[in-house]
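Below, chain A partners chain B and then partners chain C, in two separate complexes.
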Partner chain A sequence: MIGRHDGRYVTGVLVACAFLPLLRPQEYVLTFLYNLFSYAAMASAWNILGGLAGYLSFGHVAFFGCGAYVTGLMLVRWGWSPLATAPLGGLAAAMLALVAGYPTLRLRGPYFTVVTVVMVLAVKIVVLNVPWTGAAMGLWMPFPPWDPFVSRVIFYEAVLVILLATLLGVRWVLHSKFGFGLRTIREDEDAAAAIGVPAFRLKLGALLLSAFVCGMVGAVHGHDRSYLHPDFMFDLHPSIMIVLMALFGGRDHWLGPLIGAVAVMIADELLTVYVGTEAARMLFGLLLIVVIVFLPAGVISLRVRRQPKPVPAGRGLMMP
Partner chain B sequence: MLLEVVQAVVTGLLVGFTFAVLAVGFSLIWGTTGVVNIAHPAFAVLAAFLALLASRRWGIDPIATLVGLVPLFFALGVVLHEALIKVAAKRTRELGLASMIFTFGLASFMENGMAYVWGPGPRVLNTAYTGTAAQVLGVSVPLPHLYGALLGVATIGVLYGFLYHTFPGKAVRAVWQQRDGAALCGIPLHRVTALAYGLSIASAAVAGVAMGLIYSFYPAGYMVWLINVFLIVIVGGVGSLLGAAAAGLLVGLVSSLSVLVIPFVWTNLALFALLILVLLIRPSGLLKR
Partner chain C sequence: MNRTGISTVPVPHSGERPSQSVPALGATPRAAGCATPPALAITGVSKAFGGLQALSNVSFRVEPGEIVGLIGPNGSGKTTLFNIISGLLRPDAGSVRLGATELTRLAPHEVARVGIGRTFQIVRPFQGLSVLDNVAAAILYGTGQQDVRAARRQAHEILAFVGLAHQQALPATQLTLSQKKRLEVAKALGTNPRVLLLDEVFAGLHPRELDEAIALVFRLREQFSLSILLVEHVMRAVMQTCQRIVVLSYGQKIAEGTPREIASHPQVLQVYLGVDTHAHGH
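Let's look at the complex of A and B:
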């Protein structure tokens, strides 16, 4: 538990952010916050499955891309605005999660993780080779019909709403029976099943929920970019960022991924400007190593009341 | 048609051996320490890049660069174990899961480091025999594939001899089978696992050069290799050297035969489907006793 009122302060700041455009800030500020909010929403959503249930997924970018492509195609073929169809994008992502997750959520540990990577590569191959999706040419969408500042504001508000809804949702999950069930699965799935936790149903629910959020964010992003290409919609790098944010912030608190997103996005912005993209990504790789080895409970654990030390690894835990 | 099938079988088997080498090292680390080393194929890509650089610089065959690369990568493997795995194992409770995250971080570090230094574009190891083939009974045997496969066979042979017929090798297998039991018998776990890491990364160097002879390679390309490796290890069973070798051949065959039936771009999809099927039907490995 962090400070009792921290959650309220953070929610207050986020709600205040909704009125930020009235001050007519620079577009750069809005763009930065827009990216920050989208990543924070996806990291929080990832946390439901990856953080609580301990099912490590590197595949959430597939849900993001799926939401973007489905709503983008609806815009191109039928002229429906992605802002209206974003929930459909989320549903499409959840459908993908259902198809990929139903058979494979019985797998554990590394087996499941590799399946999530396979899912990204498979979806990418399909999109690249089915002409209806624009294939390797990419999908060109009509520009949003507003002037640049107005469209910035609209996209900004859209992801802010998604973020707030996600945070409240995750907060509810954490304190519900659902969330406790997920955490028992993380601690010991067999024991959880033995005491009657419906492990498979909970895992599937967690996966669908987190896929839904990523699909919604993807829908907004696709509309904002107006051009979709499989190479960057299904790039694995955002998945690394999402995992890094959630773990860096801390997986056992609903604010953890948000804190992680703020830290990582600021670092990303500074590094990209001052040392270049590749060097920045190298540093993130290193950061992921440092976090998982030295701060497995995230920076939020630094504010936690003193906890008993973790039990030293015992038999069968493979200590080299 | 028959000739085409025979041709595909030959190519598939040759390619399969190179994949098998990559998989054997991956399986070795997974078996001995429970670490799923996502960066394993990234080490292979790194070896291919270094071989390209060295062979251009000194005008020698990429295969000859292995004389330097194998000891170098053995040392890298030991460093990886001492600097990272040992520290991580002390501090995390579930090393299997944690290792997937931090080796993913390591792979991302290596990928972007390579892209930073050499650029993200694809490269090939150009040799005197690139694009040439020997004709055997009407079937053409591409020489790069042949040399890659020979490298693979030699490496697996050496590893087999080491693991089954020398004392330190038997110690590695003992740790592989029963960690605590091995420790109780007085086997120095740390030294043996360091040895396993050295061997694993050194074999990744061989695999990288062998695959660089056949395929183009680029920093981000390790991901597809990883999926192939994973498939091979799953089919062969974690912790089985000969299982991995046999599964490598099987995967090579499937990927080359599937080209005859479905368009080239879909072959990876066929492999993915195979992987998921095997995982669902028998996750402990098809070929494991």
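Let's look at the complex of A and C:
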């Protein structure tokens, strides 16, 4: 599957998924895929900063929540549909990323990671204490105006579109000058500066892009839930899931986070049913450690490495 | 400064480096041929770390096309000076000029773009990237190059020049130490520098590798019309490559001259060998 034509296959499968609702599948199937696509889109977006630039953020749920709240408030105040304002939700998330990232992206490694966690808590406290967000009562939104199955299909299609756009965007980034710069930052930031890489600007760009996608996904999810509460929208668990998916799948391939999302979502579903939620979370923590220690380039590296390496002159070969 | 002069080695895509001739952001036109302005002028540079005076009032120049050696015992301030030139450290006083450009106010990546290429004493390849992509990244960000494919073609030429063409597809981690040092040089060359700072590129090489490395330094200067400032402990390499040597001790410049002058300079001998020259009635 991971080869020259991977782009066509995966795009084909995802486009086929767009027609799945015509078969009238069980709502459970659509809901599962809806969550899978949402996570895959956020993990792929996270990968731009976390995977390529090596700046581990556990704060991406803040961007998700920010997109949900901003578009939710626009629905409550002005009656604008979050499906239409999702890009504004993304922009709001990117604004938050700018405010949070401008001072913190000067920090390196673990310091940055710690600050991203603090950012989630800080945003949560702000939302809890500002009355016009609904504060601790939560934000009640008008229900989507469609019958339940149609709603399910609409939200499903919406995140599918976001996922496809994100995947193609990340693939472009990987092969672009931008992607090169981000990878040199991950490998050695001082050495990157010595060859002229404007590290701070690139990191900020990566953060804004990934925040934008998470804000869009958040907008769709907020509309779907119709009730937002800081405890759910700024819960760290989804952040950890995103990181796990991206790292498990593989950071240097645009399909890595998608593969990671599929694997983790299936495992999560099975573990929750057969073992229980708490045990599932413990196992995920363990898995995260194992992956980071033994498989830093993700499961996709097992497959990619085995490919024959042609050596035509003047071609880059390590990166897909 | 036509870089297609690399054609002494087999070059598959010569003539593919037009962007290399575009001066980078803020760069001044090269002083081609006119010998008056120095390529690099270090004037009165001082730097203290807490109570330790790492550099005090160090001044010297590197003329266009010149190879200058910077030597001194461990802790004499050589690497500190390199870090100041390349923008990683800010001096407490003094100035560093590349042509007409003041470097001490620039960030490290800006210094790289105006024409300072550097290698690191401890080799620092981008481990997760192929050898080719290490150099391609330098070309993309050190010059105005936007196109990844073109950058890879140019990177191939540079790798052929430093003798790493056959290793270009390998991950940078798989190179030997000698090859990693060549890769460091190739990365620095990729940024299209006017002045190249080499930090102990000769250390740890066996005699034949050392000869090759010395030859490479000369070829570098010819092909890329570079000025080179090198920090070095391997005396044979310094004596063979440098036209002029600057000696630092405890952050102060104690001598400057030709290799022959330095080899018999009393203060240098004292610092290096502990010879008490005064006892011999000097």
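Please note the rule applied: the second predicted complex is superposed on the first by the 303 of 320 C-alpha atoms of A that agree within 3 Å, B and C clash if a C-alpha of one lies under 4 Å from a C-alpha of the other, contacts with A are read in each partner's own complex, and residues count from 1 in each chain.
We adopt the following convention: contacts are C-beta pairs under 8 Å (C-beta built on N, C-alpha and C of every residue); 3 or more make two chains touch, one makes a residue touch a chain.
Keep in mind that this is a model prediction, so the values were computed, not measured.
Contact with neither chain B nor chain C is seen for A:V29 once the two complexes are overlaid on the shared chain. Within the superposed three-chain model, A:V76 lies out of touch with both chain B and chain C [touch as defined at top].
Contacts of A:N129 after superposition on the shared chain: chain B is touched, whereas chain C is not.
Touch counts on chain A: comparing chain C and chain B, the chain ahead is B. Shared-chain residue A:D252: touches chain C; no touch with chain B.
By the document's definition of touching, neither partner reaches A:L164: not chain B, not chain C.
After overlaying the two complexes on the shared chain, residue contacts for A:V299 are found with neither chain B nor chain C. Within the superposed three-chain model, A:L236 lies in touch with chain B and out of touch with chain C [touch as defined at top].
In the superposition on chain A, the residues of chain A contacting both chain B and chain C are 311, 313, 315-319.
Those residues of chain A whose C-beta lies close enough to touch chain C in the complex are 175-177, 180-181, 183-184, 186-188, 190-199, 252, 297, 309, 311, 313-319.
Across the complex, chain C meets chain A through its residues 12-13, 24, 86-88, 107-110, 112-113, 117-118, 120, 124-130, 132-133, 136-138, 140-143, 145-146, 148, 151-153, 156, 165, 168-169, 171, 187-188, 190-191.
Remark: chain B residues 32-36, 81, 84-98, 100-102, 104-113, 115-116, 179-180, 189-190, 193, 223-224, 226-227, 230, 234, 263, 265-266, 268-269, 272, 275-276, 279-280, 283 touch chain A in the complex. Taken in their complex, chain A has these residues touching chain B: 54, 56, 58, 103-104, 106-107, 109-111, 113-115, 117-118, 121-122, 125-126, 128-129, 236-237, 240, 243-244, 247, 276, 278-279, 281-282, 284-289, 292-294, 296, 310-311, 313, 315-320.
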